[in-house]
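We call the chains A, B, C and D, going by the order they appear; numbering starts again at 1 in every chain.
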Amino acid sequence: MQVREMINTHPHAGRSTAEALLTCIEECFSCAQTCTSCADACLGEAMVAELTQCIRLNLDCADICAATGAMASRRTGSNIAVLKAVITACAEACRACAEECSRHAEMHEHCRICAEACRSCEQACRDALLQMQDS
Amino acid sequence: MQVREMINTHPHAGRSTAEALLTCIEECFSCAQTCTSCADACLGEAMVAELTQCIRLNLDCADICAATGAMASRRTGSNIAVLKAVITACAEACRACAEECSRHAEMHEHCRICAEACRSCEQACRDALLQMQDS
Amino acid sequence: MQVREMINTHPHAGRSTAEALLTCIEECFSCAQTCTSCADACLGEAMVAELTQCIRLNLDCADICAATGAMASRRTGSNIAVLKAVITACAEACRACAEECSRHAEMHEHCRICAEACRSCEQACRDALLQMQDS
Amino acid sequence: MQVREMINTHPHAGRSTAEALLTCIEECFSCAQTCTSCADACLGEAMVAELTQCIRLNLDCADICAATGAMASRRTGSNIAVLKAVITACAEACRACAEECSRHAEMHEHCRICAEACRSCEQACRDALLQMQDS
């Protein structure tokens, strides 16, 4: 991805964008793809009937990660309160998804990878929130 | 839209779905379209340079409304904490967008209509949150 | 939804927007919600293992309908070739989803409703393409 | 991103997934972010009034890239005709966006970077289509 290059060439790049927010953007787009893949992989398992909660959480997580990644990318104007609320929701979605995927991690490798990705994205969201608090 | 028909034919329809959540789903999909249109209309105005904050908030609002509408549509399994967080963020986005659009409502009819749609969606989100608190 | 109100108040409203395109926008947003619901309802069925192809097609359809609805809403500038290609893809997605949902329509009411919605959206897409050909 | 890890752990991984499709998925998610950023950067420029067509094309491109990336990620069941149509539309959107961004590349670095990203994504889409033709 070209998150840093794009934001560094933004006309408002003088206002430094927290490194944590840049990482958050990358993690969100990546996590959206991973959760989309995991939901689909679970759907393809013979034991799909035992994975419906996992699929549900993955679909939810992909949706909020996609929205958060896009919204966090915007530097023109400002919408800080909304961004904080969205990143907060995203962190919660990632936490819930990671927890559910972990339950199936031993049996399904795609769930193990996805749990890791969600934990990583959750952390990126919480780090971004911390840096936003200071500003 | 067929929100009610679809949810009434859901295998888990025994668990009654709060009427407020059904309205919230409809309002979110509708608001996502309205904000997409408003951002585009503002972009087409001669005075676009004075409408950049409005465009920014409309794009953000469209993104979170689309995600929230999809997530609120899901009844299989459960993800209540996440849904509350997302609907909370959506209400905030609608509030912020309505406030900004109101500033331009006298000059631009599309902003007047959009402000109304956002206030309606914000209310639907807050009503859904109230009903979710009781359950 | 406020599709017509928003487009009628667009600064470029002088260029008449084909009625068919307005219907297409409404149908796409509505279909995106219906397919999201149907995928979720199928996921909640005891016989989910027999509905995985249906869920897959519903998820795909929801994605392309959401994108098409948003893209078709834009009147500022022009991107006709791209819009035609996207609406063409959307029509195909709706056709495929309707066909699959029809297979399960007798057993699952949500699939019957969804098949209807997809056929309606497919028709709206094809009508929009026809009107775009004339201009 | 974990595109390859996720797809390699898919229960249907026996059916080899064309390398070109994997690249296409990565490029689509990346391009969706880049175009979202570029639309926003153009919106933040003093000369925004001369960049409205560019913003329009970037918003469209982000939408179709996001949908295509998600749809191409799915390996359960099959929806080949629809996937081909969507990737075709995505390639066209990237081509149009790259062309428009190129017009502003000398003046705006973010447009130069974005044009490159769109050309890369367009190529990835066309390569994926070629490999899909052989199967």
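Going forward, a contact is a pair of C-beta atoms (placed from the backbone, for glycine too) under 8 Å apart; a residue touches a chain by one contact, two chains touch by 3 or more.
Small disclaimer: the values here were computed from a predicted structure and weren't measured.
Between the chain pairs B-C and C-D, more C-beta pairs are in contact across B-C. Centroid distances from chain B, each centroid being the mean of CA atoms, peak for D. Computed from the mean C-alpha positions, the centre of chain B lies at a distance of 27 Å from the centre of chain D. Chain C and chain D have CA centres that are 21 Å apart. Among the residues of chain B, those touching two or more other chains are numbered 40, 43-44, 46, 52, 55-56, 59, 66, 70, 74, 76-77. Those residues of chain D lying in contact with chain B across their complex are 39-40, 43-44, 46, 48-49, 52, 55-56, 59. If you check the complex, the residues on chain A that touch chain D are 1-3, 5-7, 9-12, 25, 29-30, 32-34, 36-38, 40-41, 43-46, 62, 66, 69-70, 73-77, 108-110, 113-114, 117. Per the touch definition, chain D reaches chain C in the complex via residues 52-53, 55-57, 59-60, 63-64, 66-67, 70-71, 74, 76-79, 81-83, 85-86, 88-89, 92-93, 96.
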